[in-house]
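We just call them A, B, C and D in the order they show up, numbering each chain from 1.
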């Protein structure tokens, strides 16, 4: 396979560059007869869209998605769903600077080394613009999962500032520009991020995605474990540098009797876990508990502070990246992480049905 | 795909349960005319083999690998390489306890929920025994990578005890039973782990894998990024709960100017990075720097301390797991992480050659 | 995988229905820095376009292809190439007849049974309209193959009328509306097909595709043999009912000494085969001779002669299909077969480079 | 993927050379809790085993299969099933002749050109010995399909001698050494083949495989159509040179009104087709009729008649192949074709369940 698609039975394949004419994708394997309209997808795209607060890039994209196939009279037909978003705000700017210089921390240098050519406009294929298609695919995946599975994401750390997990309130997530579940933290992050923005700097963050209502039994050991597929999904998001499941890195510090989630029967015959260090996955298979994934996002490297770099001509140089960008790209990663979770679960739900009925 | 193979062009597919007659795998896509003998594979298997110190499980497996195909007169032929290891030390013990009870923190419950049946003997398919085949495949992957790429792993944290990174000495790694690169830390870990073992408990750990000499340009954006594939590879290792690339989780706390690795020209025309927060990967493609991956391994759940659980019959119960096991499974994860790194790199090297020549 | 893509390293994934807003595809794995313009693709689309003679459907589609990604300043970038063709001539006709009735010999019934829903307009996803995307992908595949490999197709049989193979003239293929390499046969086919068209009937045909200049060594035994992949490629073309390689079905009648192609050395040290019953493939791997594939195409089932059928409501009925259609769909299958040959070869060329350098 | 496996959800991956220590495979995706014993597989292997009459190669292989994993207490567990057959009759013969010469019509030359090395002993990987693993996988596939689907094969043509289809009697198939459904033809073939054998020659054949009871709806348009996957499956069988579905090549000669299978309602509400030119597949999806596939097998090239060839050293030479071989390899292809049909159907049944429930 050639790297532009994700998933097996539920699979999407994307194309498009930041400043090309359009981005798009093909979503395959969707079960037939699901109600699906463009507005179902647009809803999630609008959540992801940049430029909605001063804390994200000011690129103004309507991101109006068109369904080009696979839906007939409001229902999916089982054939591939073609999605397209025209790029509108590809302002003809002067690229002379980044055309010849590699921005440190960006994919400029590696695309150049890999392909010997690069579309330097707006980051080309490596731009976060591509993630709109992940969100679109995720919207369709949610249709497959149905209402009994709920997927939500939140920003749980911005720079050194962690939320107070005791203060977690899902309702708060929609009330602040950071998807922060801790109202107090959200309040303090505003000043912190304003300061960073004024400095022309940026900061990393940690995103947490939770899926509730996932039945036990999803996951294909031993190389398409549910956690391995989630790790691939989240690490593949632009700027991600770590992925954790459940207790995650902290599991390294736990003793066996602290880590293993004990079990008890519920009166109704179902099983109850007394904790969730596993993050809802054991042996690569879902336990029926909440699936909990976290991933760290590095600070954007497009900053107003000059950095040392080299040119395509092999000369030392300095660079500072002007123009619109995000002081904390982690914010925009929240809906993307949700979408990838939805896609992984939809795929595994279909795989489970195929093998185990 | 059905979850028992890893890789695309360099691909291996494994089979086998802990207490079945044998484990094995098929390694596909190996370039022809590479020298390969059973001893080349055995060398790495022996490193991984448990029971070599008092700090790993006392299961005594000779783990003698047989090459069943794909090699002729000492050279690979380009056809699939079949590998087989007979299980020897599958002592006929009494399984009556774990037969009916789910061990908390184990895959017992999830296999049961997924398949409605489970081979409970020694963990069946979910046993770490399967990882011998990853190590075997990794040995072949190293042959493909050649001598210019060097892959090494180390245990950098045991429970709360981190190594002193300033004291890192690769030579030390071979000198202690923990693959610890910090001699002083290794010394202190002995007592720590002995104590845990005597308590009948266990502890988590963090493994770090470093690949030197990897050329720039490996990785298939945007869904088979090198880091995404490594995340899948490492998270798929038994008991892994987190994966980090380069600065990893710490990237969340960095500012843009701290995180982005600056670049300078070397006198010989090559490019030099002034730091390696990226862990050798930008935009999912290798930079030419060291590839640095870390993963956390949870403590084994097979402990001598009774834990609350339920039975297959839906009753509350308690369980304690007698018999041989590892107080710190992270130790045995080191050679497995190395092997998975080798497999990912070999696959991407071939993919790169296919597309970009 | 979910059935809408073809190929491994060189891979394309299509979407779109006959009467939806557009058809499109994503072409992945294309090597970077190949010159590519829309006109390169349009050239081959124009060859395939229906309505160019009275012998093919009168649907008038400009089939103007747009490249949406993967090309920068006239060169491929190695990233996926998104292609789009808007559907224009989707005349709003009355579908009340085929809406409820299954056309015998069509996919109407099977889509209904598979998906429980179908886009009946113009055949929906099962329409030959989709094949425009195969031709487009094939145009890109030809760029990868380069000028040393030449792929050409011809119609070698129409109904019971076979060409005289002694009269084969590739130049003739471009001179008649049938891609017929035998000028005399082409002349006589005109009257034959006019008669069929007036009868409101249709007829089957046999297409032959020849690839010259293919190096020895392409093909991945034993389940992605070059011939097995070609068989999949050609049988997957709409209305195809048989695929043959080289002597094909006639090989059943040959004795060993007649069938096996003898070999001799050329003065320049290359190998010469004294015949080509193998069709250029032995053991699933190319021999260096011409690759020769033939496939039979059934007559279109959309005819003006009433046929017995049933309705979605479970009633017996009769149907005759009015409107534009092809009296011999085999004609239009020629450029599609060429395109699929190009795609298979491009994929295997890259696979060969990956494994064997 | 690297060419040694077949299928997607139900997938098997094989390894092994004709004269290596063993052949084997891994069968993935098998649903759990199916009864499976070695004898279930052995039954089909015994049918395929050569040396059972004077009309097939006299290689004497017990072909005793061992199940190494994936079965517990007589039931499949859902984990991969490892199968192994030790090679026994690999008589140490003198290979000096074929070591340096390429047998015309064999894969000798192409493996050499592809890999630059070849295991010349008994044909190495390209030997029909590998097909034992297809039969073994097919035995498991049959378990998945259950009793309502019946797959049978027959030899319908040997050289120029076709069976009388009116005389077709499935019971006859088991009664003669050719799997011939026409008792009279079988009788006459004996003399014909004895004569060929005495001449040291060989002959081609045509195999027909029929699957009854296949539900409508199987097949994944438009690139994993059921017929495209069957074409790949059958063309991938050693020595196959053509594949036909239903009317096959003869469809080229049919008019639309002759070809399209008319439909009528049965009193019980089911649909009845009045003919089966489609071979049970329309638009790549099963219709519910019998699936009918035919493939031509070329004559073996291992004959006692000297043929012109070249050596690895680039010299002209002659060769005749002594030792055991089949005068009509088509005979042994019958159970292999049945097995491949079973594997394709099992895979598509699971894919259908995954997407359409």
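Convention: contacts are C-beta pairs under 8 Å (C-beta built on N, C-alpha and C of every residue); 3 or more make two chains touch, one makes a residue touch a chain.
Treat the numbers as computed from the prediction; the structure is a model and nothing was measured.
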{"item": "Maximum centroid distance from chain B, chain identifier (CA atoms)", "value": "C"}
{"item": "A-D or C-D - the one linked by more C-beta pairs in contact", "value": "C-D"}
{"item": "Same-site or different-site touching of chain A by its copy chain B, using the half cut", "value": "same"}
{"item": "Between chain D and chain A, distance of the C-alpha-averaged centres to the nearest whole Å", "value": "46"}
{"item": "Gap in Å, rounded to a whole number, between the CA centres of chain D and chain C", "value": "26"}
{"item": "Where chain D touches two or more other chains at once, by residue number", "value": "1-5, 8-9, 14, 29, 32, 78-79, 114-116, 125, 221, 351, 355-356"}
{"item": "Touching residues on chain C, where the partner in the complex is chain B", "value": "9, 29-32, 78-79, 221, 350-351, 353-357"}
{"item": "Residue numbers on chain A that touch chain C, as the complex places them", "value": "1-5, 8-11, 13-17, 20-26, 28-29, 32-33, 66, 68-70, 72, 75-82, 84, 114-119, 124-125"}
{"item": "Chain D - residues contacting chain C, complex", "value": "1-6, 8, 14, 102-107, 109-111, 113-116, 125-126, 130, 157-160, 196, 201-206, 216-225, 227-236, 240-265, 269, 271, 274, 277-279, 281-288, 296-303, 305, 307-310, 314-316, 330, 351-352, 355-356"}
